[in-house]
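In the two complexes below, chain A is the common chain; its partner is chain B in one and chain C in the other.
Coming up: the complex of A and B.
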């Protein structure tokens, strides 16, 4: 449609574009520019070319953050996506009658991550914590751990919390997909003697196959960007055992005041995330075709 | 977590309705009933994994320090609600809640207003920079905050709006706009073309068309955007912890972290603070659960 006057479209788009330029556009250019410099935030900015990137590739802690992120991704693909898938399969057996269970499983998704992080720090605490005292109660004192204080268990402990939060989210997505199967079809299959397992594996699973790819990519890109749980529960410790990209980025820029180096780290990370994101967009298009039937 | 895994794969196999060999009504009914008892038992067991931590949190705030340490699974001897008031007072939770309300309200109003204005123009009006703006705003869907927050914090610092509520409101609006524009544009795209054309024939200008026609029609879309924008701003932690240092401007998530630092040894008080924040949220969520679940899933799947 033709605008009623030449300037009205710009008046309508103006505020959004202005905010976006100020909050995302300029800072993006600024961060890329800073990644080629050495700067503490207060002293004079010094251009140092690609030195920051060279340093990043030789930075043991930075490489470690990617190792941790990959472990976190592997664990959350199971604890969030696969468990969410299983939960969706379970609740879809009874469908509408499971409303309150679905509401319950989704509670952690909408709560502030900080609240959950603090709460689970208590649950994991070495004495007085729910888990350790439960282990004692069932006679396994030897299984007690300093869950978040021990480098060998800390990362996995955080993964479990992440699963506790997001399994309900993935359940909601998969459940919505599985509900697209007409009830009459399921009834007919049941009358023909199909078991619930048959319905799940032969009807519902194929229907949401396209969604699993989307969910997996959402889980992966989300993992790269996670921060709250790690920062509140362990601050990246003990001894960098739970250091991930963002916690390291924050301590580089805001604690060590290495703004230029931090900017380079964030550029590298963004390239990784955007690469995964583009893959996601591509798969989304494929999904549209998949859902048609 | 192990229990969840085994339960979720085993149960559908167990929940077989009566055998097809001898399909007498009675047998079938009994089988269905037994399997449904099993089903709800399993579901309730899984629910407890979600509910026990939350119930434990609330009950622990009514226990003494020693009770929390010595018998974490026991019930409190009495429910004395005054601990909630004490946590609110001593922790200065009122300030954090007020800040969260102000920051969230301002951000969401900004996102809804500016987002819907842009979405209307980008969906219905032909103008030269339309394609460019669409691609530009779509950048926000792709870029993680980590791609630009380093320079963003420097900018806010230089403009001296660091450590004010604006240091959160402005970024939250900018960050929320991409998704809002994208979703609302998709929504406006589905409205019938004739609607706009006949309004135009009657001499309706663009701005009037936005306020009188578009804004009321896209209310369901606005509600979806509102849900995830509210929760996004309310729960946001990364920028809030980096940009706010003064206690008087802290929002709930940053305030709670400050609280846990200050009273790290006073367990009942900490649990009380967590409960104060959690209980109203869960209550509101239970009432609006359909909107919340839809809003979050749609917002994340885009």
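Coming up: the complex of A and C.
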């Protein structure tokens, strides 16, 4: 059906475009504009061309934040996506009462992130923390660590917490996907003598592959948005060992009051995130057979 | 800013009730404002609102400001005082900046002298109040030294408010007595004391350096003691290398504490409030932190007997009797349309009666007579005397240059955490400082 007026389509999309422009477009343009300036937030804005970007590429700590972010991505792809996938496989096994497990695994997703961060800070605490107390109890005092104060363990410790939270989230996604696998297919396989493991690896996994790719993309882009866990648990320390882009940004803008430089760091991060996402989409294989939704 | 104990709330409330009337009726201590253009001082003038912004220093002090607000409005009919009290971290990071750039900016705001004050003046938010502070309203209220860091090119931009000793070593008196220890006067005595405590199975020193400023403060003091105040300030300002032999020698002392296990190994992972709790629970013999510990001790462990000693003397070219401390104050916004009326309020804050209220609330006012007629904690009074009589008052690095201090504190954290040698840590800090744009 053709619209009654040639303006009708524009009127229909107008509100959405206006809203997007207001909440995304204008801040984006403002951030890009500020990235070419030196501004503390209160003084007169001074145009300095590309100086902020040159500084960013020479900033040791800023470069280090990307290393940490990509380590975090690699770790969470395993601890969140892969573990979530495995959990989904377990809770989708036929004949088992899995609702309790599904709820249990999903509970961390519903808890406030700051609460989780504080809770795990106590678990990791050197003095009376659950882990170190357990190690002492089993006679391995020598294994005690300052988990969040040692650069060799701090980042991994945060990754574990992140996995603890989001594995349940990805489990829910994969579980929904696995539930869409045609029962007739599974029944036929069972009649042919397939075990639950066979059903999982040879039917469910291939059929939810597309969902796995989406989950991985969510995990990767979500990693760039991480902030609260890192900020509450370590504030980027010790010695920048857990510094990620967002914690460094906050420090730059709100502690050092370098709004212009912070804007430049944001622009670079946006380019990296978009580039990573596009690269990922490009690398995705398109010949798979997915579950139809 | 330090948090204040509940008991002080009660004391402050009692004091406030008795003094509010005095303040409101008192006309001898603060004259009527001279700037008629501001509309102040006249009951028939157009109503004006004075907005005062600050970070919260705790309920007791916030209550004093509420008392002063009532007294001010009573004394100056037609004037309304609006208190903008924000959570302290919020105020210091984004709160004040947002307020100053808003359409309804504060007329008066809390700030720190030194680098932060200079920035406010550069940005056009600092009114020159030289004439006012030299006038009758403030006559005899402050020593000249109180204005340290508040004067630029002969112009005064701040009215002093409070002073804090930023770092001393607090000790558990019972633990010291049980182990036959007395407060050390030299660094060698300090190390011997730590060794004895460790041998007795006691953690000698606890600190929470997650935010880097606690050990950073100790490092600031060690640096001054090692190289002298001018050289230390020059290093933090970027005018001298941060990795000079003298600075490395200062950081060697941190390394000694770390290497010998004299400080809790969780130092870099522990927030300062948790370190305070550990000290108050008797899990360590000493804690390196500022004068605001008294508030926490009174609230959390009122029966615990604590004492303090200043940084022990050591080999170095600095002033071995120096004290690490900061002062705070209130600035008047240069863009305010009610500068004279704003100064009237600051005169009330600095008055004899105002000082008494703040002293009773646990603050150490920078006026000449902060504790006259006030029952204050002996440690508070003693620390105020230590600060006011210091031959050299050392400013913590983050009050000199925030960005460079961040690198300096980061280096101190790396050394105290046993992650880097003093030389490596300071070399790296210097490298990063050199990469910063010239201001």
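Annotations for the structure displayed:
Here is the rule we use: the second predicted complex is superposed on the first by the 243 of 293 C-alpha atoms of A that agree within 3 Å, B and C clash if a C-alpha of one lies under 4 Å from a C-alpha of the other, contacts with A are read in each partner's own complex, and residues count from 1 in each chain.
The rule is short, and it goes like this: a contact is a pair of C-beta atoms (placed from the backbone, for glycine too) under 8 Å apart; a residue touches a chain by one contact, two chains touch by 3 or more.
Not measured: the values here are computed from a predicted model.
Shared-chain residue A:160: touches chain B; no touch with chain C.
Of the two partner chains, chain B and chain C are each touched by A:41. When the two complexes are overlaid on their common chain A, residue A:275 makes contact with neither chain B nor chain C.
Of the two partner chains placed by superposition, only chain C is touched by A:151; chain B is not. Contacts of A:127 after superposition: both chain B and chain C are touched.
In the superposed model, A:254 makes contact with both chain B and chain C. Once the two structures are superposed, chain B and chain C can be ranked by residues of chain A touched, with B on top. Of the two partner chains, chain C is the only one touched by A:51; chain B is not. Residue contacts after overlaying the shared chain place A:28 against chain B, while chain C stays out of touching range.
When the two complexes are superposed on chain A, the residues of chain A that touch both chain B and chain C are 41, 127, 254. Of all residues in chain C, only 93-94, 97, 100-101, 119-120, 122-125, 210-212, 264-270, 278, 283, 402-403, 406, 410, 413-414, 417, 419-420, 431-432, 435, 437 touch chain A in the complex they form.
Of all residues in chain A, those touching chain C in their complex are 38, 40-44, 51, 55, 58-61, 124-127, 146-149, 151, 154, 234-235, 237-240, 251, 254-258. Considering their complex, residues 1-5, 8-13, 15-17, 19-20, 22-31, 33-34, 41, 79, 82-83, 86-87, 89-91, 93-94, 98, 101-115, 118-120, 122-123, 127-130, 133-134, 137, 160, 163-164, 167-169, 172-173, 176, 190, 193, 195-197, 199-200, 214, 218, 221, 224-225, 227-228, 231-232, 245-246, 249-250, 253-254, 259, 262-263, 266-267, 269-270, 273-274, 277-278, 281 of chain A touch chain B.
Note for the complex: chain B touches chain A at residues 1, 4-5, 7-9, 11-13, 15-17, 20, 36, 39, 42-43, 46-47, 49-54, 56-57, 60, 68-73, 110, 113-115, 117-118, 120-122, 124-127, 129-130, 133, 136-137, 139-140, 142-155, 157, 170-171, 173-175, 177-178, 181, 196-197, 200, 204-207, 209-210, 231, 234-235, 237-238, 241-242, 252-254, 256-257, 260, 267, 270-271, 274, 277-278, 281-282, 285-286, 289, 292-293, 296-297, 300-301.
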